[in-house]
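Chain IDs A, B, C and D follow the sequence of writing; residue 1 opens each chain.
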Amino acid sequence: MKDIHAMMPTTARLALGKVGITGVRKPLNILRPERMQPLSATFQVFVDLPESRKGSDLSRNAQILAEVVDETVLHPSPSLEAACATIARELLTRHSYATDAEVTAEAEYFLRRGISPDKQSLEDFTLVGKAWAHRDDGVTVVRKAIGAEAVGTTACPCAMETCREELAREYPELSRKTLSEMPVVTHNQRNRTRLTLILPENVEVEADEILEVIEASQSAPTYAILKRGDEGRLVLMAHRKPRFVEDVIRSALYLTGKKFAHLPDDVEVEAETQSEESIHKYDVRAEHRATLGELKGLLPG
Amino acid sequence: MKDIHAMMPTTARLALGKVGITGVRKPLNILRPERMQPLSATFQVFVDLPESRKGSDLSRNAQILAEVVDETVLHPSPSLEAACATIARELLTRHSYATDAEVTAEAEYFLRRGISPDKQSLEDFTLVGKAWAHRDDGVTVVRKAIGAEAVGTTACPCAMETCREELAREYPELSRKTLSEMPVVTHNQRNRTRLTLILPENVEVEADEILEVIEASQSAPTYAILKRGDEGRLVLMAHRKPRFVEDVIRSALYLTGKKFAHLPDDVEVEAETQSEESIHKYDVRAEHRATLGELKGLLPG
Amino acid sequence: MKDIHAMMPTTARLALGKVGITGVRKPLNILRPERMQPLSATFQVFVDLPESRKGSDLSRNAQILAEVVDETVLHPSPSLEAACATIARELLTRHSYATDAEVTAEAEYFLRRGISPDKQSLEDFTLVGKAWAHRDDGVTVVRKAIGAEAVGTTACPCAMETCREELAREYPELSRKTLSEMPVVTHNQRNRTRLTLILPENVEVEADEILEVIEASQSAPTYAILKRGDEGRLVLMAHRKPRFVEDVIRSALYLTGKKFAHLPDDVEVEAETQSEESIHKYDVRAEHRATLGELKGLLPG
Amino acid sequence: MKDIHAMMPTTARLALGKVGITGVRKPLNILRPERMQPLSATFQVFVDLPESRKGSDLSRNAQILAEVVDETVLHPSPSLEAACATIARELLTRHSYATDAEVTAEAEYFLRRGISPDKQSLEDFTLVGKAWAHRDDGVTVVRKAIGAEAVGTTACPCAMETCREELAREYPELSRKTLSEMPVVTHNQRNRTRLTLILPENVEVEADEILEVIEASQSAPTYAILKRGDEGRLVLMAHRKPRFVEDVIRSALYLTGKKFAHLPDDVEVEAETQSEESIHKYDVRAEHRATLGELKGLLPG
């Protein structure tokens, strides 16, 4: 059988940065401290292609994915990003002509959460795993990334002040002191924040800790089960901690520096947060990248 | 050339309810009172298929769409639903074997709106047009539908009362009377409401009037341009009109009965409203169908 | 605490058809013949609302969902639609003012499939479960639905004939007989077909059997792992069974009548199929509803 | 009124890379050689934020967008990317504290196309405009990007050879010579290719020329109106030019070097192409970035 992929390119002799498969859905098992967690992940799997080959052997990518995933049935992977790292290494082994491999995976992730111990239920979050393998002179080096995303709520600090001033005018009988202390109406919205740490292969980070950082940075987390009194508590909690997206992302980055202060300074941190504004038809968004070293520098003395 | 479509079905002799093309994007022009409005619509175009034919001649559907759309460059269509009605009739003409045709179109629609005359900008809404043609004994009857959707905001009336009670406990110095009158914190969210009227072909309804009904039914409309003071005004307005989705849909239906009281009683009205909750990760939704006659019955004697 | 939901409606005294929550993501376990299958489902949960109540107690919906889902950790549900039926019953129990409940769930579902026993991997499908509970005079009756969707491939029978005629003209040395027997170029595309059966509560249908019907109706199934020779085999298989969407849907309905002939005649069957055309920017689609009785009538005497 | 945005950050003193608004839909008019073209674009608009400010004045972003868009009603913008550049400059003018602005816009774009002059209709494509403004020492420099995306079709060259070998075995009466020359069955799919050029502000590129490059690089373009004979012609055309995604992207980059050889060598070119495989449930994708200088180096001496 002719090996069309191994032939010379017919359109132009140009090495390509990334060739691969995307949107591959796979179930896999990862190990959590006290249990096995089934995940359904969407994978993207790429290698580079030298200028001398017409095509990349993409069936190998699907084959590796299937093998790694099957293996987790018996031996769960320590984490989504560890599974990505295994796949990235294996890609370079089987695509002997490639020097770079990239694997990304995104999966829904459920954690038991609630506004009180008796109102807990499974809340959905997003897990992100990534890995890059680079081969140089026969040696393969792997970097990986772990990310997580949580949906929470934000209350706008600016509109709250404007409303406070307006209420002071409209209700002169209100004590200035009380009005300045009490939570006041503003707009609030669904906020989606994602935090990703890019790490050497041997450094471990726990996704649940990333989610704790995110939830602590929003005005409040959100929950499926809220009885009448709980709704009020959550609303008051959010309005006592009004936050712009700028506040959310700065807080998430600051707390990352604090919680992961034991990790190396050259760990890279990516943060992004988006609020689906309730008073506009569009969203508000902030993005920032920093090294963990920079973030540790924000910590007091 | 063999006419494969006209051959007998090879898998089973079964008449089919709907065969057609979907996701067809087309630009077209419609007439507004004082201007020509360009729209980009997504069309779905179906006819039925008798048990004696293997296939429907789908290239005719694309051809009709292209012709009707091209015609609007020179002669704008009176409305999106009128264009649908024209296409539905033409489908039955060219698919001589069919007795039913269905056309639906959805398009983004911009209107100049703002919280004050000097802060206006183009806000985006959705227009829906539909038409059904039925041929019986050589006579074709067409019904059509016009719908519109607006994104606005809602403030929850229940959490507001819970928070009012909680604030009363926490700030005993607050006058009961003032507290009961002033807008109090609650959760608010992006709300999406759609209202559709199903009409005889010769009855005209103006989409802008449907959008007015929707915006009057939400806690407040939303706008692109809100300077600091405006944000406060909008927030207070929404909190002075707290609404469940149940309130939004009931109001939209009630106001439909009022605004379109001159239309026949057998006009059907479909309403749906969805709030992207800021304190939950899921949405809250209400749907209802009624005849215009039922809705008129809600009006005060 | 004031019960705002139980108050009289403030906007209009109108009973509402459906009020509920949508987009609720939940993991649950269902029983398969030889294993427990974890699923992540998206739920929609509705009840009706009488004209005398301002709001529906939506926190109950979330509570029921959480309880039913938690219960499956210890005692897996027999199926997704059985879980829906349990939820629908429970909705009517806890919303004492409601007479109708509707629950729909959609989940990704993996099955081991492959072009040959040594090339198997987990392929992704979609499972659909639905249930409707209606209470009349204190008696609750539940109907349920089970659906499944598979992505496969179709090859167009019409373009194949046109190309055959063209090839005959271009290559007069080709034997008419060979040319009429061999598979010839045409366009093929990703096809997505969904089949749903609406059943009494006590009738059981196996989702895997529905998926077998769908895959047998497309030109060919699709697989993740295809080595070079397998690609050729799959391509030839698809081109030897060229199918319009009309053919796919008729075949799926016919085979449903055959495979489920032991079920009652009044079972309703809904089929829909959509091909993402490779030679057009739009999709081609067919839809049909029939009773199982009608479909059995298609079977040879 | 307190200026909350101008206050010191409350969570952490950290400069942020990007703060802005996303998903802003706006209609605008651009000038085409012989006509005014209305577009509906989705904008993303960002500036950076110094560590000394709590928030970015996002209402200014919406205001600028509205003004630039309104201006095009009377004076159409020369292009989508020119509108982005105008907005980016204006962002730095009104956010005096910012040094970087980024604007991206994506719009649907219709061109009259067809397989023959009498079968033309409006086909939909995607236009991309971007601009980055950077202020240093009072001087603002703007770079911009123009991109375009087309949906076409690809036929797999590898499966075609496998099928050719298989047909040779099955139909030994077929002449080797004819079989090696004629188009043979393979799988084909919807392919989506995007090409973007990053340019100095004063260099102009025509989107239609980018689309010509893309369509010439796929196995064939796709069209809305294809009568029976046309379908055959398009299918044969695609099968006579079978292409991997690797071929499509290399061809697109090669032809970019050729068609835009008159532009400076440091123009950057980004290409991405994705095929929605008809024989797999996942997609196949290639990405590459190069300078125009590198691409010109591929041209024959």
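For this structure, a couple of remarks:
Criterion: a residue touches a chain if its C-beta (ideal position, glycine included) is under 8 Å from a C-beta of that chain, and two chains touch if they have at least 3 such contacts.
Model, not experiment: these values are computed from the prediction.
Shared residue numbers account for over half of those found at the interface formed by chain C and chain D, and the copies are therefore classed as meeting with the same residues. Taking each chain's centre as the mean of its C-alpha atoms, the one that lies farthest from the centre of chain A is B. Superposition of chain B on chain C using C-alpha atoms only gives a rotation of 180 degrees, nearest 5. For this pair, chain B with chain C, the centres built from the Cα atoms lie 27 Å apart. Centre-to-centre, using mean CA coordinates, chain C is 35 Å away from chain D. The distance from the centre of chain B to the centre of chain D, each centre being the mean of the chain's C-alpha atoms, comes to 31 Å. Residue numbers of chain D whose C-beta contacts span two or more other chains: 1, 24-25, 62, 124, 158, 162, 165, 224, 226, 228-229, 231, 280-282.
Taken chain by chain, the contacts link every pair, so each chain touches all the others. Interface of chain C with chain B (complex): residues 1-2, 4-5, 9-14, 16-25, 44, 46, 49, 54-56, 58, 62, 157-158, 161-162, 165, 217, 243-251, 253-254, 274, 280-290, 298. Interface of chain A with chain C (complex): residues 1, 24-27, 38, 40, 59, 62-63, 65-66, 69-70, 108, 110, 121-122, 124, 224-229, 231. The residues of chain A lying in touch with chain B in their complex are 123-124, 151, 153, 156, 158-159, 162-163, 165-167, 170-171, 173-175, 178, 181-190, 220, 222-224, 226, 228-229, 231-236, 238-239, 276-282.
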